[in-house]
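What follows is chain A paired twice: with chain B in the first complex and chain C in the second.
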Partner chain A sequence: MAEEVKKAPRPVDPNSAKYKLGKIAGDAYANAIEAKKAGKPVAWVSSNFPVEIPETLGLYTVYPENQAAGIAARGAGERMCNVAEADGYSNDICAYARISLAYAKLKECPEQDVAMPDVLLCCNNICNCMIKWYENLSQELGIPMIMLDIPFNPDYEPSRAIIDYVGAQFWDAVHKLEALFGIKWDDEKFKAVTEASCRSSRAWLEATAQAKYTPSPFNGFDLLNHMAVMVTARGKEEAGEAMETLLKEYKENHENGTSTFRAEEKYRVMFEGIACWPYLRATSRGLKDRGINMVTTIYADAFGFDYSSFDEMIAAYCSVPNAINLEKSRDKRIKLCKDNNVEGLLVHTNRSCKLWSGFMPEMSRQIGEACDIPVASFDGDQADPRNFSEAQYDTRVQGLMEIMESNKEA
Partner chain B sequence: MYTLGIDIGSTTSKCVILKDGEYVYAKGLAVGGLGTQGPEIALNTIWNESGLTKSDIARTIVTGYGRNRFEGGDGEVSELTCHALGGRFVFEDLRTVIDIGGQDAKVITLSESGKMSNFVMNDKCAAGTGRFLDVMAGILCVDINDFEKYAEKSKSPASISSTCTVFAESEVISQLANGVEMPDLIAGICDSVATRVASLARRAGVRETVCMSGGVARNGAVRKAMEKELGVRIEFDPLAQYFGAIGAALYAHRQLTR
Partner chain C sequence: MVNELLKEFHEIAASPKAQMDRYLAEGRKVVLTAPVYTPEELIHSMGFVPFGAWGADTELKRAKEYCPAFLCSIVQSILELGMTDVYKGASAIVIPSLCDTLKTLGENWKYAVKDIPFIPMTYPQNRKPEFGMNFTIAGYERVKADLEKLGGTFSNEALAHSNEIYNRHNKAMRDLDEVLARHPEVGAAARSDVFKSAWFMDKAEHTELVEKLIDALKNQEAGEAKLPVLVSGILTDAPGLNEILDDLGMHIVADDVAAQSRQYRTDVPAGDDALKALAQKFSGMDNCSVLYNQEKPRIKWIADTAKARGAKGVIVVMTKFCDPEEFDYPLIKKACDAADIPVAIVEVDRQMEHYEQVRTNLETFRDILMM
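For the complex of A and B:
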């Protein structure tokens, strides 16, 4: 019997954004592992914790949400969830949390190994499940947890009181880390980190905004890969440079009439919710095969933080998608739909993320009405593969496409 | 000109031949959907009934969950579009279709001109679907076709509070053990489906004329419970289970005559 011949992966141009971004994301994991071996402190950090703190203090970081997404995308989500569930964690809680808690127990997972932490940096602006998840990690691993409390904001803008409350916690977290590891805060370095973070964010947001062109110069699923750098390394100098390369490439694509969307772009949709990582290929193919380009998603833009003062930085962290009220959330999405000429909205009802999915039926109804676009939703999960049915996804996407087609004909 | 629509669902397969896109020339239905002999049996039925052969068919469109796997069609369209088209074929002022099939429930809204404008489907759960009723009929040892007859005799429908099929099953068993009468239990089961699907309908936005399609449409007890829940009249036609296949055949005709 002939041996199966695997296609060699296409070499990636080292000057391309894809290469640079892939290297930054990979290096972040590798550097933390090396640092750990050398006895340097490593922090596990929630995705919307102010990156400016660990970066300025020179702490090596691992982002468990990013790790869990990688593990799920590489097919090990169910295996890790089963480990956590066998320990008594309900399968009703976030699959990122279950994977992370399983990793804390096993301390290995070939699909994405990471350095074990010396401290946990938790911020609940993305969800409150995060608090219990990190508290359990803290208990299980016997390490300190530093909590930055950013409560859900029922008002449209963060108040002075909230900014003061969060700002004070920012410095409290800094002082605790200084005391824990005998390290010193450096204002000059903080300035450089904030500049790097804003530089990355500006380039990233401008790159994602290139979807304003028809056809879009990129396949929106690219953003789901590239955003790893915005989550884990936006405060690094090289992240800014790589994001500017990405922006340049997208601009060139537009000028040359090319795109990373390898099909005729017949329809443009906004994707709502966290990616369905275990079925990234199936969810992407279900769209591409029908000429549907997912041109925009708030999930990607959520990791761009641009500010010009300390208060603005704190306000930005108080304004991430899951910390803001329905009206502001809706308006941000309506803007994305209108700016990018979106013709339909595809909503991931994510079993892991009750907070995000819970307000989507009403929010998507309002967005659909405001933008006069059809809305379809499908069930899935960001990391647990047991909550998705490809046939159901396919029917919903096809139904959405048929309405968009009919709207075009009208 | 004859066009053929094939609707391969999760539990049954349906075929319809339309003549000139105007009337149903032949129809066939077989138990067994995706991955079974159902589609083949339904097709054999239709060939026998009509006296036509495949070469008489100008175009074939396939719909339903098995649409992508069936070989021999000229194209495929989602069952959402097909139920909208098929429903409108029968009810000319139709604006809302409530389709309850074997494994899903969907509510489809149509614009004034008859185009599908929106749809809402059940989540990944058997509650509010034909499967829920099948499971209940199984544990009660009652033919599902007799549900309407039983429900009509109900004086005080039982309350089935669990939306999960598995939990509802144990709830029904314990109500049986507590001496709840069969008519009240069956009426409660039908109310439970109606309540679940009515919430989908409200999300989609109910506009009259409203009809039901799919196999569960034949169950008058569910239809009546749905009418009560939504406060609107729900139209029914004996072809309701064929709306998907009719829509597919009509779609095929429109492609040829457009």
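For the complex of A and C:
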């Protein structure tokens, strides 16, 4: 029998944002692997740890959340979760953590290999689960862990006390890393890194804001891929340049009446929660086939690290999505919905993320009321494929579409 | 005497609502304290009765309007009791944000239980350095300011006095734990009652009762030896669980339970500034799944304590969906295996009605330990 002939992928223009962003993300993994071989220190880093620290100190970095998402998207989430579960980890634990702990044991996974770490840089502004995950990595791998604690803020704005506390930890982390690896902090380099980080953030914010146009010049699922660079490399000069290219392309799409959403845009929704990486295609297709474009997500706001002083930088890290109270979280989303003419809210009730999902029913009710839009939710998981049902997803999306349709007719 | 006292503890532990109503009838103001650690000393010093709110074994109905099914049932049942007016009359609830689910409890509480104000207690995880201590103090200042709005008054002297009352209670509970390790005739259910009642009593009153029990036990000959075990977990007050431990002849010789001994391990140190001293207590706390420590000393503590107390095995009572405990379990198992201490894990939650699976699991564990 003849082998199936696969179509060769369309070559990507090396001047395009897609190429540049893909290269930055890929290079980050490859560079860390090469650095490790050369005996240079590698850090595993939480996604919202201040990138300014490892970047200024010249540490090579790997972002385990990003790695776990990649592994899950390439179909190995369940296999890796099974490894962790066989060691006694409950399947109730965050699937990113299970995948990462499995990788720490196996030290290989063809779906996304990474350099093994010499130090762990942990920040809990995304969740406290991160603390437990990194404590266990530290114990299992026998390497130091630096904990930058950014507590959940029950108030609307960060207090002076929290800025002082996190600011003190920032320098404490720097001094610990200097002592660990015999490296030196350089204020000039710090300045350059902060400028690069702000440049990337500004371009990202502006690019994602292009969804204000109808039709949107992009498919929101693009953001789920491009944000990898915002997570792992926003402090690099080339990230700013790539994000500016992305912005330019989106502006051109608008001017030319084109879009990366390859269907007629009939409805515009906000997607809430982390992507279902094992079912990215199914979740994307379920929307596209109905002409629903996911025009925005909280990620559009999440990486807006644009600041002009040290305290403002610390405040930005205290204000990331999972570190803020319901009212502030709600208001950010309401703004995104209104700015981008959103007609419906699709909520991923993510089995892996208790914090993100824990007050979502109340918050999404409030968003729905404030924006006068329907809300639908579906059960899923960011990386464990066992917690998602395509049939349920389809039914919920269909229901959402029907309400949006009748709203249009009214 | 011992049995009479145990009966009294049981009555208090079994009817928290009656306790709360009694304090309210006396004209005292009650402030609910959610898991895992709240600054009870501060609340007490400002004229309130701190009252433990760890939920209840109950069916979840109203809480489902707010919580996805995969949040732990302790937190969900706290919300359920709030929404169904069981906590009615309380002046406020203090909720610390030491785990992700507790963070969401405070946010949901604001909308679900509007007549009982939510007071957040934000602790630092880097609690030992000076910058961490300062942040703990800032967290206390926030609680203090909110309690002042409810009519509470703060003074350094009053807090120093409350610190002393709580230190004495801590000591009584530590002494009790040691004494109970030598008295197998006090079963798991009775032991649970003594610890649980502490949440629903003014601590000075509870200390008095516990000290009486310690004296009575010291004058009572120890009962026949049973199977010594160490129990670890967040909460182990379910009657269905304790009945099984008692039926199987297990004797809890030490516990690593958040609602029990973990509360009493650390005292407030001496110092002129009572609030700072209270922050020093928090910075000195450890050996707990919700308190960050890169070295994870809790793991070794469990194995070492099991050995020191002569436990033949460790029973991990896992509250379903409790991340912090679930992350620690594989390491506990590994450490106990290395120390030649058998480990059993049983999963519980506050909605459980049938404990047959737990019974089968623990029966097998008992048989292994007796071999």
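Criterion: the second predicted complex is superposed on the first by the 409 of 410 C-alpha atoms of A that agree within 3 Å, B and C clash if a C-alpha of one lies under 4 Å from a C-alpha of the other, contacts with A are read in each partner's own complex, and residues count from 1 in each chain.
One rule holds in what follows: a contact is a pair of C-beta atoms (placed from the backbone, for glycine too) under 8 Å apart; a residue touches a chain by one contact, two chains touch by 3 or more.
Remember, it's a predicted structure, so these values are computed and weren't measured experimentally.
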Which partner does A:124 reach: the first (chain B), the second (chain C), both, or neither? second
If we overlay the two complexes on their shared chain A, which of chain B and chain C does A:389 touch? Say first, second, both or neither. first
Is A:361 touching anything from chain B or chain C once the two structures are fitted on A? First, second, both or neither. both
With the two structures laid over each other on chain A, which partner does A:349 touch: chain B (first), chain C (second), both, or neither? both
Is A:136 touching the first partner chain B, the second partner chain C, both, or neither of them? second
Identify which of chain B and chain C touches the larger number of residues of chain A. C
Where does A:178 make contact in the superposed view: on chain B (first), on chain C (second), on both, or on neither? neither
With both complexes superposed on chain A, which partner does A:406 reach: first (chain B), second (chain C), both or neither? first
So, A:89: does it touch chain B (first), chain C (second), both, or neither? second
Looking at A:374 after the superposition, I want to know if it touches chain B, chain C, both of them or none. Which is it: first, second, both, neither? first
From the superposed pair, tell me which chain A residues show up as contacts to chain B and also as contacts to chain C. 349, 361
Counting only contacts in the complex, chain A reaches chain C at residues 87-90, 92-94, 97, 124, 127-129, 131-133, 135-136, 138-139, 144-145, 147, 149, 151-155, 159, 161-162, 164-165, 168-169, 172, 325-326, 349, 351, 354-355, 357-362
Under the stated contact criterion, what part of chain C meets chain A in this complex? 65-68, 70-71, 97-101, 103-108, 110-112, 120, 122-126, 129, 131-132, 134-135, 138, 289-290, 292-296, 318, 320-321, 323-324, 326-331, 333
Touching residues of chain B toward chain A in the complex: what are they? 65, 68, 77-81, 104, 115-121, 123-124, 203
Under the stated contact criterion, what part of chain A meets chain B in this complex? 349, 361, 365, 368, 374-377, 379, 387-389, 391-392, 394-396, 398-399, 402-403, 406, 410
